[in-house]
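Below, chain A partners chain B and then partners chain C, in two separate complexes.
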Partner chain A sequence: MPRYGMVIDLDRCTGCRACMAACKVENNTPEGSFWMYVFRFEEGEYPNTRIWFMPRPCMHCDNAPCAKVCPVGARYKREDGIVATDWDRCIGCRYCEVACPYSVNYFNWRDPEENQYVNWKDPELEALSGGVIPPYKNPDLDRPCGPEKRHIAGASHVEGVIEKCTFCVHRVEAGKTTACAANCPEHAIIFGDLDDPASEPSQKLQRKSSFRLLEEAGTHPRVQYVGGTPHGHGWRQIQPAGKRS
Partner chain B sequence: MQAKLERLPFGVGQLTPKYLTFVMGMLVLLAIGLLSYGRQLSEGHIITGLRDIGSMGGATWGLYIVFLIYFVGVSFAGITIAAMIRLLDVHYLKPISRIAELITVTALILAGLCILPDLGQPLRGITNLFRYARPQSPFFGTFTLVVSGYFFASLVYLYLASRPDAATCAQVPSRLQGLHRLWAAGYRGTPAEQHRRKVASFWLAIAILPLLVTAHSTLGFVFGLQVGRPGWHSALQAPGFVVMAGVSGVGLVILVAALFRRLYGAETRLDDRIFRWLGNLLMVLVLAYLYFMVVEWLTGAYEGHQHELKLTKALLGGDFASTYWLAVICLVVPLAILFGQWVRNQFSLTQLVVAGALVNVAAIAKRYLLVVPSQTHGTLLPYGTGSYSPTSVEYAVVLGVIALGCLIFAIFVKVFPVIDLTDGAE
Partner chain C sequence: MTRGKLAVSMVLGGFFLQALSYFFLAAPLGIPTGVEYSNPRLPFAPAIFIAGVMLVFIAAIVYELLPDRDGGE
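Entry: the complex of A and B
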């Protein structure tokens, strides 16, 4: 059984946020929720400033605080390393969200269909689209995942339920890579089997020194960073992404 | 068995216009709360002030969780006092025990109700929490120990302790006679029955006392075990919850008992001795809690860990300073009052009531300061500072829950004497 992980090369990342867009398109996440998020940091005072970037997917921790606290086992760790959320079982208590040190969880605060970037129920649009199935209802994506056959990914989101980066489990199970890795123009995001020493991410880890975020929290993230350093005191976030106003 | 009563005591079964006005007012509040909850159900949590932690810059737990832990805290009082009467043999406290037990039972019902509006899928919550219960989750303790075990034990205790009074009331001809007869369930007060009841409630008290500590601790663990939230991750959280529960619970018992003493002119049943004892207990608890607060503050400030420091700054001099210092004042002033009373051996009920009210303000403020700042100002990745302000929906739902608690009390006092009729010495 492969154990998936991700290696992100900060020397390559240009902060273009294509991965964020790719994730949105692939997973049809509602407005304001960013399963993949790219920090843009700035340090120092003009003219001695420096900028760097850091993509932040879910860390899929091996010792996941979110899975530990879930009262109903909706958040769970799969054997292949992926931390998944069962959208049919989650009761929406958001305990996983407060437990996560990386703040990667997003709650469906309202009906996700009303929270899409385009209102597909708009009569004008319906006249044009001829009533096609909107992308956020793509039936191809809506199938149970893994041997456990649970509703942990796909297109139709559920109101009042927590969700987060799934490592594109529906793509991975079909033998593809994640949407963010596939769309990164700089090949900064590399996804693969970390147990296989010949895999691309393992090779990368052998060549370059790596670090993981908030190592001191003891969460054992499966996402590792190479090139660059962890953010320190002086870094401040610039150009944060958020909801359209 | 006591002498026969002429009529039901303490206004049981008598409805006054004032009482009806109060009930109507509470019903209106409850209705507003229900309507708001209905709106939240249909439109989603988007109409609350809650948002995602991190890139959305919000707090995902808010007023509902604040009042959930406040109500569980308040429930401390009844069982502590009931158990103390039993185990420490402080018999002169007995007249207050039913008020205290009723606070426990009511507060636990309200706490259970506060969970529901917080859930995104309340119906699933009711089924899945049982179907897929995981003991590894700190929430498990909240649902089993607190909401089920603790609640059930308190209810049984309340019932056991009330049977003699039900028997007394059942001898009085009234519309409620049938109910009281059912309540007494054949209790006659024979020596054998009294002995059995005493033994049963003694062992129940012994069982309840450790339950009290563990139940309140599990609620502390909901926060204290989270490594990802500065301000939460602390070994002090569980004992702090037990002590704060005592502070708010005893404070509320003082308030409610003083209210009933005034309403029913029960100065002889609820005498000054009881209130003095409550005041002294409250003083010790407030002192212990202030000590915890200093330890917490010193750890956060001295250590200089960047996230703890940011949070401590926000509390002491930043966005939450006004609430923080309000809480401090609402603990220090009662302490001064209570200490003054104790050291000069003087007693004033008004002052004690003020102290009881203030510590409850402090309790709500401290619960708020525990829940919210660690989410908005406690992200470990540099997301930037968030904010949270509750919306009218959240206020309305919480007020509705409180109104329901008042209604439970209002109904109880009209069907059963809320002040114990029998003396402790039996």
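Entry: the complex of A and C
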């Protein structure tokens, strides 16, 4: 049984946010919900400034605090290392959101169809789209996953449930890599079996020193970072992505 | 049973449920070597813990709402 993980090379990341766009298209996430988020940081004062980037998916922790607190077993850790959310079982208590130190959980506040970037029920758009609402939704997202056949893939299924990065479980089960890794033009995001020493992420980890986010929290994340330069003082986030105003 | 005894028994019962779910039904503490360190041993263990917490807090309400033996407020 493979145990999946992700390695992100901060030396290669250019902050283009192609991974964020790919994730949105692949998983049909609602407006303002970023399962993959690329932080853009700036430090120093003009003209001596430095910009650096940090992609942040769900860490799929081995000691997942979100799975520990789920009162109904909707959030659970799979044998292959993926921390999944069964949107059929979730009751929307948001305990996982509180427990997670990485803020990767997003709550579906509104009807998913009304919570997209464009109101596809608008008559003008409806005329353009030929009445197909929304114009595209990945059909794989409704398919039950894993041997336990639970509904864990994709977003925007039901109002009032928590959703988060699934490591593109529907793609992984089909033998593909995650959407963010597949669409990274710099090959900064590498996904694969961390238990296999010959796999690409394992090879990367052998070549470069790595670190994990908030390691002191004891969550044992399966997402590891390599490269990057330690930041100095006075850094600030720039160009945050959010909902359209 | 007086309201005091009822309230105390609810508090003790609540703490018992919390301890039971935290130490014996939830995911074990320790360095994770498998999924058993993330998933609760009983899927609804956190719900039992929450029920314990609720029971403790409801004990105060029960104590305040029930009349005492003398029939006073």
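Just so we're on the same page, the second predicted complex is superposed on the first by the 228 of 245 C-alpha atoms of A that agree within 3 Å, B and C clash if a C-alpha of one lies under 4 Å from a C-alpha of the other, contacts with A are read in each partner's own complex, and residues count from 1 in each chain.
Please note the rule applied: a contact is a pair of C-beta atoms (placed from the backbone, for glycine too) under 8 Å apart; a residue touches a chain by one contact, two chains touch by 3 or more.
Given the structure is predicted, the values throughout are model-derived calculations rather than measurements.
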For this session: Specify the outcome, clash or fit, for chain B and chain C once both structures are aligned onto chain A.
Result: clash
Exercise. Which holds for A:Asp62: it touches chain B only (first), chain C only (second), both, or neither?
Worked result: second
Exercise. Taking the superposition as given, does A:Pro101 touch the first partner, chain B, the second, chain C, both, or neither?
Worked result: first
Exercise. First (chain B), second (chain C), both or neither: which does A:Leu125 touch?
Worked result: neither
Problem set entry | chain B versus chain C as contact partner of A:Arg78, first or second or both or neither | second
Exercise. If you stack the two complexes on chain A, which partner ends up touching A:Val25: first (chain B), second (chain C), both, or neither?
Worked result: neither
Exercise. So, does A:Trp109 touch the first partner chain B, the second partner chain C, both, or neither?
Worked result: first
For this session: For A:Cys70, decide between first (touching chain B), second (touching chain C), both and neither.
Result: both
Exercise. Looking at chain A, does chain B or chain C touch a larger number of its residues?
Worked result: B
For this session: For A:His220, decide between first (touching chain B), second (touching chain C), both and neither.
Result: second
Exercise. In the superposed arrangement, what residues of chain A touch both chain B and chain C?
Worked result: 68-73, 95
Exercise. Which residues, counting only chain B, touch chain A once they are in their complex?
Worked result: 43-46, 50-57, 60-61, 115, 118-122, 124-125, 128-129, 131-134, 136-140, 143, 222, 225-229, 306, 375, 379-384
Problem set entry | chain A contact footprint on chain C (complex, rising order) | 26-27, 32, 35, 37-40, 43-44, 46-47, 50
Seminar exercise, completed: In the complex, chain A touches chain C at residues 61-64, 67-73, 76-79, 83, 95, 220
Problem set entry | In the complex with chain B, residue positions of chain A that touch it | 32-34, 37, 39, 41, 56, 65, 68-74, 89-95, 97-111, 159-162, 213-214, 217-219, 231, 233, 235-237, 240-243
